[in-house]
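In what follows, structures are represented as structure tokens.
Two complexes come next, and they have one chain in common, chain A, joined by chain B in the first and chain C in the second.
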Partner chain A sequence: MVLKVFFPQCCNRADSGLLVGRWIPGHDSAVVLAVIHYPFIPGQVKQYIQQMQAQSQVELSVLGSWSLPKEGQESMESFLRDLSTIFPKGRWLQISRQMGKMGFTCHIVNRDQSKICTEEEEERVIFVHYDQRKVMLSQLHPAQSGIHEPQSDAPSELRQMFQTVAHSEPLFFLDRYDDGPLKSTHWQSEGREASIIVELLKQASVPLCLLVSWLLSVWTWICNLCVYPVRFLSTKLSTCIQLSYRTEHMTTLSSPNPAATHTHFMRKANILVSFMVDVALGMLLISWLYRDNRITVVANTLVPAADHVAKELDKLLQWLMGAPAGLKMNRALDQVLGRFFLYHIHLWISYIHLMSPFIERILWYGGLSACLGLTFALSLLSDMVALLTFHIYCFYVYGARLYCLKIYGLSSLWRLFRGKKWNVLRQRVDSCSYDLDQLFIGTLLFTILLFLLPTTALYYLVFTLLRLVVVLFQGILHLSVDFINSFPLFAMGLRICRPYRLAGTHYHMDTTVCLSV
Partner chain B sequence: MEDEVFTNISGKPISLDCQSHSSFCREFTVSSPKVSIGKVTVYTCSVWLVAYAVFFFTQNTAVLSSAILVTLVGMMLHIHFVKIDHESLLVIGSLGIQVSSSYASGRESTTFIEMSKIKDIVINEAIYMHQIIYYLCILLKDPSDENTVSSVVPLFQSSKPRLNCLVKVYKSCQEVLSKCK
Partner chain C sequence: MGPDSAPGPAVPWQKILWERQPFPDNYVDQRFLEELRRNEGIRQYRYWAMVKEAGLVGQQLSCVAIFITLWLYMEQSLLSPETLLWTSLLCALLGYGLYQALSSPAEPGCEPRTRLADLQSATIFLSFTFGFSPVLKTLTESVSTDTVYAMSALMLLAHLVSFPYAQPFPPGSLSLNAALFASVCLASRLPGALHTFAMLSCALLVFALWPCLLHRIKENASSQFAGVCVGVCIGGVVGLGSQWLGGAVLLALALGSVTLLCPLLLIRLQRHKDNIHGPWDEAEIQEDLGRFLHHQTG
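Entry: the complex of A and B
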């Protein structure tokens, strides 16, 4: 087998010392995590490693020695070899490098046979340089591990290596400014990588989460108090649906325990980012809406628009009451239906005019809902459209009901016409012998209904099309709301800015292969 | 090593660079020819001529400026997402295979496949348009069953070298693989 040594790039120029890392069990490979420099007391090193092991749950050990002699400093071959007796281990790596020379030299001291490996075996060593920061931060695709674990398959070598680096985070907290007895080199040895803003946010997030969860509990308590009609209404209004959706989001976000798995963390982050974007867009909308009296302008155009729609509907009904598209309708029924709908429009217009003084104020307060996010404003708009086109909905319901009744009547009379009837008990059509009177009346009614059908069908068709236009508009609004709610913005951002954080099933890594001599 | 002249399936010259880092680590780089100036000129001229013709009939200057934008953006997208300069295959015995392709703009996309997932490397035949071509591919193991092949990763997809080049790469890959098994 070939021995593989995963060596961090940051330790390329480190001073001489001990290599701390882990032998990956089951594979012939070693992960070097840090270099501990001279001078040190072996007892302290052992204690430090045990402490780190307890914190990180990774089996750490001293792998070997590392020497990079400075100018004017002679090499310490014999000293390094003696070191291996202090830290007893199966194998002892002796890696050294000359200043200004490419490549590394590696000797393996095999303790069991207590001799240095032969020349031929020595050549079978691969150095893989890895970027410690990227490897530590990368999250391997969790879906893969989900498949692997049930089969009790040993995780692959690279996965183990990635996990080792990711788990040994406490090892990287020791930086060169520490006054402790040990000095080490790793990716954070120049000082810990952190940002003040992130740390402050971390500190502030705990009380904020508590506050939000308390508010949420109050809110859910109020919601549970609601009596039946309010609850029924809240399932119909898209604003209420959006509200409950956001409540659910906030409960997920404000849970005090941190995300357990990577997927969970990504979900939380996505929710947070989409919420922020949503609120930012809402604020933009508010800043646009509340400037230059735009609310008044909108309110002033809304009533004439409703009037205009009513006038157009009126015209459409007049057209239907005549001879629409050259069709000859039943005049009496046509007139009755037309008058009925005209009366309805009249009612509607008076309702709108009654409302008109309040519309501006309603819009003003409704616009404030955009503080909670653009999605709220959009759902409110959708609700308002639904309320303002209530007459179209009513027309559709009347038309559909009438048409449905007529079709039912026609189908049952058609069965009578053929001498059959619907058996309710057996859920099937049976033959039946009718009286002459029954047949006469039934056939007569069938003929009447059949000849009246085109008139009703026409009304039904026209009002369904009108309703469809409204539904289409509302559908577009709901689609955009859902898009804002569920678009994974955080994952997209990570993908673009830090692609190594989302490493997939195939590992992306920069391998620089240096060769042993 | 580079005394042989290789061509790709459409007859364009390509170069193969084999680097042997050690007995169990080899790197093969296939470089395709650069974007020819003539081709760029032809495309640009044709877009601009069409734009000028439209401008002649509509007298709208926005057409001309949009034509310039379209050619610029098209060129950027082409060198960033389509045109691949080098494709390299790094075989490291007992560790894995790294396939990377570098685009003309300098963007690199890298995929690493672990040795435990690889079944073999083979040369395969495929029908491509109206001809039959050979290509090199990595066979991946099915995680549940060792003996079946779950998927195939084709190599050198954009440069498409001919058989003589593939055989050379194949032989040295097999040398490395056989040593590590």
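Entry: the complex of A and C
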């Protein structure tokens, strides 16, 4: 017969006293939960244990005694043995430890039989040291709230032990620093100050949540007032998208009811941590940006940069209007397209120069958005890049539209060239006999389009590449924003610092990374 | 024992599969070759009739030659575009008159084109060609001349190959388009926009309208058809000869072989034709089977 004793590590150095715990029914094992120190009045202990039992629905009892005699104290062997008569129970454990020695000694006093067997059983006790904090928080065998599954009528020993620890939370409110008649040692005895702070924060978060949710409701009300053009614009600007994303996050955070499941809790914690990190990074950015007149420097370099880009584009267009890479371009169309685009660049540059007095102020106020987080600053940067490279976007759209028209026309005229047509009803190519004038005009247009195709295709290609560069830059910005928004930082930290907290959960990372073009 | 020698039992062989017979599966009896038919539906060609038909091919070849000749003249500025335009207009009017004169009395069910529709088509042709001629002029500027020539030659060849010689009246899309493409390519090499316009109008006349007129002549005045073909052929050879003697000789040889030699060859080879039909042919579904089915369902 082997007796298992689950002993909390935090009680290894506790002062002598009574072991409070539970005998696991059906198994020959005991879970030690806490140590109640001397001096105590037995009646109060019994009363306290009954009270705890009522609160936690766990059959708590006094398991035995614990002695760790300090230097100079004589052992209280006989006193401890007498204690067993005060707390009548089937078995009485006497666990003792000598200061400076590694091992524990355990005597088992069986009250039903005589004390004879104690010496023999001594070797068959297995001590299982467990970390009470980890067992409490790892949710490996989560405590079902009230609902017992019918099929698990005989839960395993380990599961029962885990549930015992998890259920006896009220026991851990009592402490050795309390002024009451009883003092005890368990995992909460260490780091009490931190738990006080946590409690205070929990209390303080309630009005904060209420305030935030009120602000959010006002904000969503304002958002719902928006008329069509504003709403359309807000789906295009990444700052607005980021704003709505954050609003959603804050709504999740500020909901008054606590997280129901562990996953839900982790999600909330992740959001909170990523928000904090975001704001911290934003503050760093602000502290860097608003020192030494850096805003002015940036604003002063922005206009020359735009000028430079325009000059490069100008050069590119001039090159395209010549004979680029020895390609056979149609000179007339080339000239027309080139002049059109040049005029567009000219318009754009004059617009930027018109804007240049205000750019510094815009940057100054825009930089303030970093208070809301680095992601806002990045989104704003992305929007500004989109606005500053609007001419490239326009070029791309013109080129693509022209190219699309040409390809569409060529494909349908090629069918005419072969004497076929597209049958819309049957969704196939049928043969068709055209009139003479249809054939004539069709062929004329086909020839013209065919010979003009290389020119249009080249313009399309060049402007698509330009657009791609801009989109790539914006994509990197959006990627970093999404990374900050949805990286599970809290879970990562927990994985590194306290991996046992994640033991029982299947945590799904829901990251949404979208690269919008 | 071979399948052909059949002493066998007294039971006569039947050509059926649904009854068990004491013969091997590949057995046939003496009557097998009685059903052999040779050269079924063969046509006996007459030489001159074939020459007349081949004249259509020859005259189309000559038409291409005439067009090339005109282009050569235009390119060397030996022919002014005004002259070509006026001549084309005159030819078109004459041809239109002839076309109207040769129109068949009345075809039931087919509405004849009105004068207004013809005028409309002509307006469309002229206005589009005139409007696009400056564009067409600059179209192939940057393409090298060799490429343009190669493309035109290829397209004219495609025109000759895909021309619907059997049924020329609704003009074949591919042949007409190829010819127009080639003429646009060639016309864009000419010095001015008016040249381009004249050349394209000429191309329209030669490749689009002339086959219609020729078809009408062949149908309603078949006695004149041979004369017209000979005239066109002579015109093509003489025209090309005035610019490029070697080309004219080649054209004459080609015309001779197409119109005179090829029919002769066909008739000579027809003698060697040995086409056999018999019970081994694939079954052909008769037309009346469909009617029979309709009758069954109906």
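The definition used in the following text is that the second predicted complex is superposed on the first by the 331 of 517 C-alpha atoms of A that agree within 3 Å, B and C clash if a C-alpha of one lies under 4 Å from a C-alpha of the other, contacts with A are read in each partner's own complex, and residues count from 1 in each chain.
The rule is short, and it goes like this: contacts are C-beta pairs under 8 Å (C-beta built on N, C-alpha and C of every residue); 3 or more make two chains touch, one makes a residue touch a chain.
Everything numeric here is computed off the predicted structure, so don't read it as measured data.
Asker: Classify the contacts of A:157 with the two partner chains as first (chain B alone), second (chain C alone), both, or neither.
Answerer: A:157 contacts chain B only, not chain C.
Asker: Quick one: is A:329 in contact with chain B, with chain C, with both, or with neither? Answer first, second, both or neither.
Answerer: second
Asker: Quick check for you: in the superposed arrangement, does A:417 touch first (chain B), second (chain C), both or neither?
Answerer: second
Asker: Touching A:126, do we find chain B (first), chain C (second), both, or neither?
Answerer: first
Asker: Between chain B (first) and chain C (second), which does A:224 come into contact with in this model arrangement: first, second, both, or neither?
Answerer: After superposing on A, A:224 lies clear of both chain B and chain C.
Asker: For A:451, select first, second, both or neither according to whether it touches chain B, chain C, the two together, or no partner.
Answerer: In the superposed model, A:451 contacts chain C only, not chain B.
Asker: Shared contact residues on chain A for chain B and chain C?
Answerer: none
Asker: Mind pulling up the chain C residues that touch chain A in the complex?
Answerer: Chain C reaches chain A through residues 121, 124-125, 128-129, 132, 135-136, 138-144, 170-174, 176-177, 180-181, 184-185, 204, 208-209.
Asker: Over in the complex, which chain A residues touch chain B? Could you list them?
Answerer: Contacts found on chain A: 1-2, 4, 123-124, 126, 128, 147-148, 151, 153, 156-158, 506-511, 513, 515.
Asker: In the complex, go through chain A and note every residue touching chain C.
Answerer: On the chain A side, the touching residues are 323, 328-332, 416-419, 433-437, 439-444, 446-448, 451-452.
Asker: Flag every residue of chain B that touches chain A in the complex, lowest number first.
Answerer: 21-25, 90, 92-96, 98, 110-114, 116-117, 143-144, 180
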